[in-house]
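Labels run A, B, C, D, E and F following the written order; every chain starts at residue 1.
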Amino acid sequence: MSEIKKFLYVNRKAPYGTVYALESLEVVLIGAAFDQDVRLIFMDDGVFQIKKGQNAEASGMKNFSPTYNALGDYDVNQIYVEKESLEARGLTLDDLMDLTYEDEDDDWAEKKSIRLLSADEIRDLMEESDVVLSF
Amino acid sequence: MSEIKKFLYVNRKAPYGTVYALESLEVVLIGAAFDQDVRLIFMDDGVFQIKKGQNAEASGMKNFSPTYNALGDYDVNQIYVEKESLEARGLTLDDLMDLTYEDEDDDWAEKKSIRLLSADEIRDLMEESDVVLSF
Amino acid sequence: MLHIVNKSPFEKDAFTSCMGHASSSSTVLLIEDGVFAALKGSAVADQLSKAKVVALQSDVAARGIEANLAEGIELVDYAGFVDLVTENRTVQSWV
Amino acid sequence: MLHIVNKSPFEKDAFTSCMGHASSSSTVLLIEDGVFAALKGSAVADQLSKAKVVALQSDVAARGIEANLAEGIELVDYAGFVDLVTENRTVQSWV
Amino acid sequence: MKISIQVNEGPYQHQSSDSAYHFVKSALEKGHEIFRVFFYHDGVNNGTRLASPPQDDRNVQQRWSDLAKEHDLDLVICVAAAQRRGIVDDGEAERNGKDATNIMDGFRISGLGQLIEAGIQADRLVVFGD
Amino acid sequence: MKISIQVNEGPYQHQSSDSAYHFVKSALEKGHEIFRVFFYHDGVNNGTRLASPPQDDRNVQQRWSDLAKEHDLDLVICVAAAQRRGIVDDGEAERNGKDATNIMDGFRISGLGQLIEAGIQADRLVVFGD
């Protein structure tokens, strides 16, 4: 078998206006079955993908944001949000969904999946990745 | 018959990277047959559509820029370029193609089709239009 | 006249270009990802004062940003969108 | 690592975001409308010094901007593009 | 009032087609006339009958077709844009030697002049694009 | 070296598919192996055989098909993205009750797992998109 690779999903686009966010999430869910090291970055307009309180009913589109809550169950729990991107949009961490996972190495304690990073830390994350999928 | 309407084509996108510039030009050529008052604005990245010296051969795409030279023959000679857009891109009027037409009211003298306008003048042009087609 | 902006002001230049060409008497309607321009405290919020800015309710709701809007942003539904189109002689989309 | 930018820096945020996240040892390859970022004297030209910037020759030629490029911009053909991909362990497209 | 619509993007990839659909529906409910909906650029891809989107999502292409039937709408696909992208009716299949068609019921393929005419004849033209 | 490619945009509307094509061609000429080309989002629209672009322009869809035959390339269209947009082969037509197909020779329809596998098995994955 191949070695484990570091997969990085870079999400830079807002949901609904274009399909990239939805179809990116579909890749992440399928990819979770492959036993690789998976990280997600939400930066630039990508931070809107995990905004709290999305309600797409009147727009006639499908609200796929609840699916992000399921990421923890798929062992996708390394989720990084860029601080500078939130600030430029007048948002804080409190505006985002509370994404969590249960840590099997710590008696299944519920832990936060989201970590806030600076642009410099995001840069380092990109540099150490093997495969970068950008949406 | 209907009254003559002021048609304004607002070109804000660069050529080649996307198809909008090419397919916009196709609309202008067809539209020229309808005897309306036709104006074209090139602003923001749209100014690149009429950049001199385009050579698409190595890119494998079709160089459609010579077609802009034919606009004068179709009586499309009200062509406006935004000054601020050129400046932000490090360009001047000398970087653009010399689009001309023959003025039938002035013994078919060859005249320039392009006029340089400020953002404020572009705004006035938009306000006085009847139909705005944006690409 | 009516300007329609459907692009995020953080990703694309459409909103900023529109506000730079809208007269103070015109109305700017934000739809689709354009509604993000109506966020309070954002890097583009200071441009909101240049014209009357209206946002499409259903696109604001889809993105969950009702509580994050700048003051004075009026919301309309699709019927209101249609009214804005019929009330204004000239309609320009900043696609 | 190799960053690839295919968007105009005047229309979209990809180039500016890329330059804000590229280390000084990385290479930024401009293709498609991304080559406009290499123009001399433009509003984004001061960002070019943040990393090594290379542009795709055929996309520069298509747009007729060879004579308008900032100093120090290296041009590559598709074979050079392939080499950049194989020489760098990590490749990120700023789509 | 008479309103014409231009749709520049295909289904799902961009919201443009959704927005145009809801606008048209609302304009009709308010008693306005939709002179024509012109599909240009990737917008021509709204006119395929071969899509099968997920059951829990809207069916963008079918919805246009249903609305056209209900209100006798004129949904026009640009022939030049359609030829580049592969949207084909019987006539186009015969002219270009294609062995299949994919156009959806309720759409027709015609020239760019139909867009200009839509701008001239209607009181408003609203563009939905990217 | 083994290289995989992802194409996210359809033909003509964006240059992405052109760029990917020229990159793949050049990589093959330099002796590299193309493990797979995965077409996602509107990229699935590259796989239609129904297009008839102008004679004086390149034929984006046909060019991919020809290159695939010449070099035995694996051109994979994402099934979920294809269902939303109406790209159909015999199997999909039968499963979804469609009366026609439009897939181009040289392409196959498969799942998203093929993209992940392309990322794992190849030394590099290069994304062409918008």
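One rule holds for everything that comes next: contacts are C-beta pairs under 8 Å (C-beta built on N, C-alpha and C of every residue); 3 or more make two chains touch, one makes a residue touch a chain.
As the structure is a prediction and not an experimental result, all values here were calculated from the model.
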item	value
Required steps from subunit A to subunit D (each step between touching chains, minimum)	1
Chains touching both subunit A and subunit E, listed by label	C, F
Comparison of A-F and A-C by number of C-beta pairs in contact, larger one	A-C
Chain whose Cα centroid lies at the greatest distance from that of subunit C	F
Rounded Å distance, subunit B centre to subunit E centre (Cα mean)	27
Whole-Å gap between the CA centroids of subunit C and subunit E	25
Centre-of-Cα separation between subunit D and subunit C, whole angstrom	32
Residues of subunit E whose C-beta touches two or more other chains	8, 12-13, 15, 22, 41, 54, 57, 80, 84, 125, 127, 129
Residue list for subunit C, restricted to those that touch at least two other chains	6, 10-11, 13, 32-33, 58, 77, 91, 93, 95
Residues of subunit A whose C-beta touches two or more other chains	12, 16-19, 44, 59-61, 132, 134-135
Touch relationships between chains, expressed as pairs	A-C, A-D, A-E, A-F, B-C, B-D, B-E, B-F, C-D, C-E, D-F, E-F
Of all residues in subunit C, those that touch subunit E in their complex	4, 6, 31-33, 58, 77-79, 81-83, 85-86, 91, 93, 95
In the complex, subunit A residues that touch subunit E	16-19, 59-62
Touching residues (chain side subunit E, partner subunit F) in the complex	10-13, 41-42, 45, 48-54, 57, 61, 80, 83-88, 92-93, 96, 98, 100-102
Residues of subunit D that touch subunit B when the two form their complex	6-8, 10-11, 32-33, 36, 39-43, 45, 57-59, 61-68, 77
Residues on subunit A engaged by subunit D in the complex (per definition of touch)	10, 12, 43-44, 119, 122-123, 126-130, 132, 134-135
